[in-house]
Amino acid sequence: MSDLRTMTYAEAVREAMATAMTNDDRVFLMGEDVGVYGGAFGVTNDLYERFGTDRVRDTTISELGIVGMGVGAALTGMRPIVEIQFSDFLCQAMDQVVNQAAKLHFMVGGQADVPLVIRTPGGSGTGAAAQHSQSLEAWFAHIPGLKVVMPSNATDAGSLLLAALEDPNPVLVLEHKLLYKQSFEVPAEFPRAHLGEGRIEREGTDLTIVATSIEVQRSVQAAEQLAQSGISAEVIDPRTIKPLDLPLILDSVSRTGRVLLVQESAKFGGFMAEVSASIAESPAFGDLQAPIKRLCGLDTPIPYSPKLERASVPQVEDIVAAASALVGEW
Amino acid sequence: MSDLRTMTYAEAVREAMATAMTNDDRVFLMGEDVGVYGGAFGVTNDLYERFGTDRVRDTTISELGIVGMGVGAALTGMRPIVEIQFSDFLCQAMDQVVNQAAKLHFMVGGQADVPLVIRTPGGSGTGAAAQHSQSLEAWFAHIPGLKVVMPSNATDAGSLLLAALEDPNPVLVLEHKLLYKQSFEVPAEFPRAHLGEGRIEREGTDLTIVATSIEVQRSVQAAEQLAQSGISAEVIDPRTIKPLDLPLILDSVSRTGRVLLVQESAKFGGFMAEVSASIAESPAFGDLQAPIKRLCGLDTPIPYSPKLERASVPQVEDIVAAASALVGEW
Amino acid sequence: MAAEQLDEIDAYRTMWRIRLFEEAVEDLYGRGMMHGTMHLSIGQEAVPTGACAALKEGDQITSTHRGHGHCIAKGADLGRSMAELLARDNGYCRGRGGSMHIADVATGNLGANGIVAGGPPIAAGAALSNQLRGTDQVCLCFHGDGAVGEGAWHEALTLASMWQLPVVFICENNKYGMSMSSEKAFKVEHLSEKAAAYGIPGLTVDGNDVEAVFESVNTAVERARAGGGPTFIEALTYRWRGHSKSDKNLYRTREEIAQWRAHDPIAAYAAVLLERDTATQEELNAVADEVRTEIRDAVRFGTQGDEPTVEAMLAGVYAPSPVDARELGARA
Amino acid sequence: MAAEQLDEIDAYRTMWRIRLFEEAVEDLYGRGMMHGTMHLSIGQEAVPTGACAALKEGDQITSTHRGHGHCIAKGADLGRSMAELLARDNGYCRGRGGSMHIADVATGNLGANGIVAGGPPIAAGAALSNQLRGTDQVCLCFHGDGAVGEGAWHEALTLASMWQLPVVFICENNKYGMSMSSEKAFKVEHLSEKAAAYGIPGLTVDGNDVEAVFESVNTAVERARAGGGPTFIEALTYRWRGHSKSDKNLYRTREEIAQWRAHDPIAAYAAVLLERDTATQEELNAVADEVRTEIRDAVRFGTQGDEPTVEAMLAGVYAPSPVDARELGARA
């Protein structure tokens, strides 16, 4: 574990898939342009050469169909990974994700499992505009029967994907397209992760920042700047938003007395509303020294213009400002 | 307005559609079995006889297609109403609802409007099990560009539908299948309603109950029982959950100091999380005398068994119990 | 390999099982002992019976909202089926699924589906799994004529044909998708013409002739098993009852219903068996009587089942993960 | 009514506009002056040009992610188009949409679409609107070969054919849907064979022959206008560039690209016009030169546009409601 290596988030996802395919015959991958093209974001790259076109399958542009095929394959002994090219296209596949995959184990009284992993990138920042930049995690977190993972770095991208592949339930892995090309220090082997286990990304005492996906690193950067103004921010990455590691969050909030919830997605009805409501209902509520505060994307579709796009989602400086204001509230 | 008449919720929806079709040539209706069958819940009934099969159009079983046709018709001068037989089948149509209808006005820089109304029943209670009983309002409330209406009685079912038809934006009207056959007292004409305007359904001083759809009447019934134990509950029906009449809620919470949020949908990530978070962020937070509390559906797909189904969503007695407990917290 | 023979008496019995099971369901529902909604396939029994008879052990099916027949023909236990419809803990789905979600995964019934065309992609996926696992299993996908209007159906056929998967799509064309007539909806004479758009064989058979259904499915299944890819079969049939309990039957005529009732698949097959001297009238009567007893027992099994519990339901939302939940929870 | 004549020089000019517009876009992108992604239709210019030439004022189109050509051929202003791609407030979408969402509703371009097969249902809906409003407008729906795999496409064709709507589907078959070859994906020789599944006419034309495209679309549009319902046209063409900037071109050969480049639709049409004596080489050169100036002006118009503001963006999420928002807000 002491040997660190540098790898991108996309490479970590790829390595985890390769490991899983090597260790488990049941694992295979399908999606649009995951074969020779190497994936729209280059994530699959040469996997089709290494594992063949039977196990790395290029599909037609039929998101509902391929998720449904994943469900059917998962029901019958396989461990499919379905890649949806942009998470926005989950809209096409909602029936199979929500009405089928999520509910089947329940509806059939436990006779069958659906160990299906759906990987897909969300998020803005590439100028791809409103139909290619959404962060839709809140939808899926709301659906009983699904698990939802949001890796914020390369190690988690690998570890959580492997954990997802070991889970007998449908797991949605929401990657982030801006992270794909980023390099991270990664241990020689992906440490074993458990779905439902969050992590304190940075310790602190004055306020708790809970953030997901790309907002985790923005929050850590913000925390470093805050430290220079004498504010000590703890940053928590839930890693899995469903199931949610609420104890980890509550414990931190109780210690710091202040909490800032940061998400990229549009504010209204977003995932951090759930975190806020859960804190408000918990014993930690009594420890709050300031109101729970959210910092979220604007309630707008993601715009094309780079200037507008940047303004639409929380940036480091926004987090710094919001955290400072919160600590200012006694 | 003094002349009250008795009519069911379904009849109110039908009358509003008939009024709109009579007054505005641009209004037409399409959906599965809305013609001679009269609609799966009998809502459209004889409309096709009164307005002809051009304006009351039976479609194939193609939810994505028909919502998309609604978008195209709305873009080009019509005012379509699309009926989706069960709101669960919105899963099939998410791309046209979310990626197209909701974003088009924005994406084209205001060159075009999408005055599309989608009507669909949600909710449990009919033994139709997991794929026909969901309450998915939280998804749509989260999407910038959509408006979302949840009528809890016949008058609102009529008034809000007429308001939706006057709005230049896509409006999702989430009806409730258990309400369809219920009778209500309704004024001679549907009073003009505004999307975004909530209502105090019952006044009270000890706590505020915010509820949606069928939980509004359950909350009012609960309030009556609570009154007998000396607890005065105010019940608020937001009517439109997006845009949300937050001022109305906050004002009430500030007055009562306690708030119980009631929804039928699964708790985790549900709409009331947003209401909770918004209260927590508001000045009303300082007026709270007890933690904000939610009473929601269980985090499970809706089961078939009537016993389990009933246990899965808040009933009157659950509201009474939760409200009593909340008032007990000083 | 030549097509296997249909066991005639078995087929006759299966049709009666479906018919009497559904009559019992209708009765229970009418007496308020069953809740929810109900989609009966009375009049359509020859399709699931003939089709499932062409399957081997290990073969799979996906089914629909009108799925009692598929379930029974694939070999489900009548008692556990009835118990499910009665919302009991001893039902196939422990009372969680009901009629629209009945499954019997052990016999290869991957489940009914409340979603029109929910099954075809799942069936294609099971077939892909069969292909990848290198078994000779075939998946048979039941769907209605109305399902043909769904994008999901199109995507399933597109993918299944691209990969030459071992799946057979069998369309129970009962002339209506609820109230929409398939003749009005689809601008082809036979739905089977649509198969050409996917480059796969398509054929139309008399869905009230159990042997015709058997033959066509058998051929298709053998083709699929041999690596020849999917087939699309349209079986023409009719449901005697309304779509569900909300149906006022305004979209079809009494005459049409009467005409199709005169083509009762069970009576027709009885006549064939008598004419062929496969069985005597007494023997045929005995089959129906035996089934009547089975159904009575099934109802008794169901009504005697326990009510399901909320605790078990909540524990049943997720399949248990390999990681011990307490290990994580311990920190809380 | 006889087919209208194609204005040859106009068509030639339109193809050059598309070509040079996209070359300019490519250049701006390469120089980091344009952001986002980019789907160029260089090599495919004859399809939108021929197709839109068959439309009358008032007719509509729906377009795709590869939509610059559709937009220009339907008559969009080059400056406002370029401004949009440069994310300026004077662009068609005020910088909110970019390349994948360009629309020019005034000329009947209902919009590009970032979603594959997002357009077909919308086109069918516009056609329904035309039918209901009793106009003689026709909607032309551009889509790619890849879009044929989407359920949305199937549902649009199903509904359009059921109602005999005035819509023409034109499939720009450039052999690939990103990297998936349409030959592998779809088990028919010509995609146009799929039309039969919807009971509508289908035909395949040379998509690099602007006149062939015009003729076929013209016939289909006239049929639609006369109440004859939809047509499905497959236009065979090729994109010279990669799918988008992420494309390493691994799924096709250099030879294939070279071969298609040799079938340049613009050069081919120039040869036709010269041979026909419609124009001299000098006249043709002049056309290209004029267009070059137009494009330069367009780039200037775009680069001089203001940056959009966050305030205007936020005000642009919803169309203003008839009810005065302040009236409601007043209570707050």
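Labels for the chains are A, B, C and D, by order of writing; each one numbers its residues from 1.
Convention: a contact is a pair of C-beta atoms (placed from the backbone, for glycine too) under 8 Å apart; a residue touches a chain by one contact, two chains touch by 3 or more.
Keep in mind the model is a prediction, meaning the values are calculated, not measured.
Novice: As a test of understanding: of all chains, whose mean C-alpha position lies farthest from that of subunit D?
Specialist: Measuring from the centre of subunit D, the most distant chain centre belongs to C.
Novice: Tell me which of B-D and B-C has more C-beta pairs in contact.
Specialist: Looking at contacts between chains, B-D has the larger number.
Novice: Averaging only over C-alpha atoms, locate the centres of subunit B and subunit D and give their separation in whole Å.
Specialist: 39
Novice: Approximately how many whole Å separate the CA-defined centres of subunit B and subunit C?
Specialist: Chain centres of subunit B and subunit C, defined by C-alpha means, are spaced 35 Å apart.
Novice: Can you give the whole-Å distance between the Cα centres of subunit A and subunit B?
Specialist: Centre separation, subunit A to subunit B: 30 Å.
Novice: Suppose each chain is reduced to the average of its Cα coordinates; what separation in Å results between subunit C and subunit D?
Specialist: Going by mean C-alpha positions, subunit C sits 45 Å from subunit D.
Novice: So which bits of subunit C are touching at least two other chains?
Specialist: As it turns out, subunit C has residues touching two or more other chains at 93, 95-97, 101, 113-115, 118, 149-152, 155, 158, 162, 185-186, 317.
Novice: Any chance you could list the residues of subunit A touching two or more other chains?
Specialist: Residues 59-60, 62, 64-65, 88-89, 92, 95, 99, 106-107, 129-131, 144-145, 299-301, 303 of subunit A each touch two or more of the other chains.
Novice: Which of the residues in subunit D come into contact with subunit C in the complex?
Specialist: Residues of subunit D touching subunit C: 149-155, 158, 161-162, 184-188, 193-194, 196-200.
Novice: In their complex, what parts of subunit A are in touch with subunit C?
Specialist: Of all residues in subunit A, those touching subunit C are 28, 54-55, 57, 59-60, 62, 64-78, 80, 95-96, 99-100, 104-113, 115, 144-145, 147, 166-169, 194-197, 245-248.
Novice: State the interface residues of subunit C toward subunit B in the complex, per the touch definition above.
Specialist: 35-37, 84, 87, 93, 95-98, 100-101, 113-118, 146-147, 149-152, 177-180, 185-186, 246-248, 250-251, 307-308, 310, 313-314, 317
Novice: Spell out the residues on subunit B that touch subunit A in their complex, using ranges where they run on.
Specialist: 88-92, 94-95, 97-99, 102-103, 106-107, 129-131, 138-139, 141-145, 242, 244, 265-266, 268-274, 276-278, 280-282, 285, 291-294, 299-301, 303
Novice: Of all residues in subunit B, which touch subunit C in the complex?
Specialist: 32-33, 35-38, 40-42, 58-65, 88-89, 92, 126-132, 298-301, 303-308, 311-312
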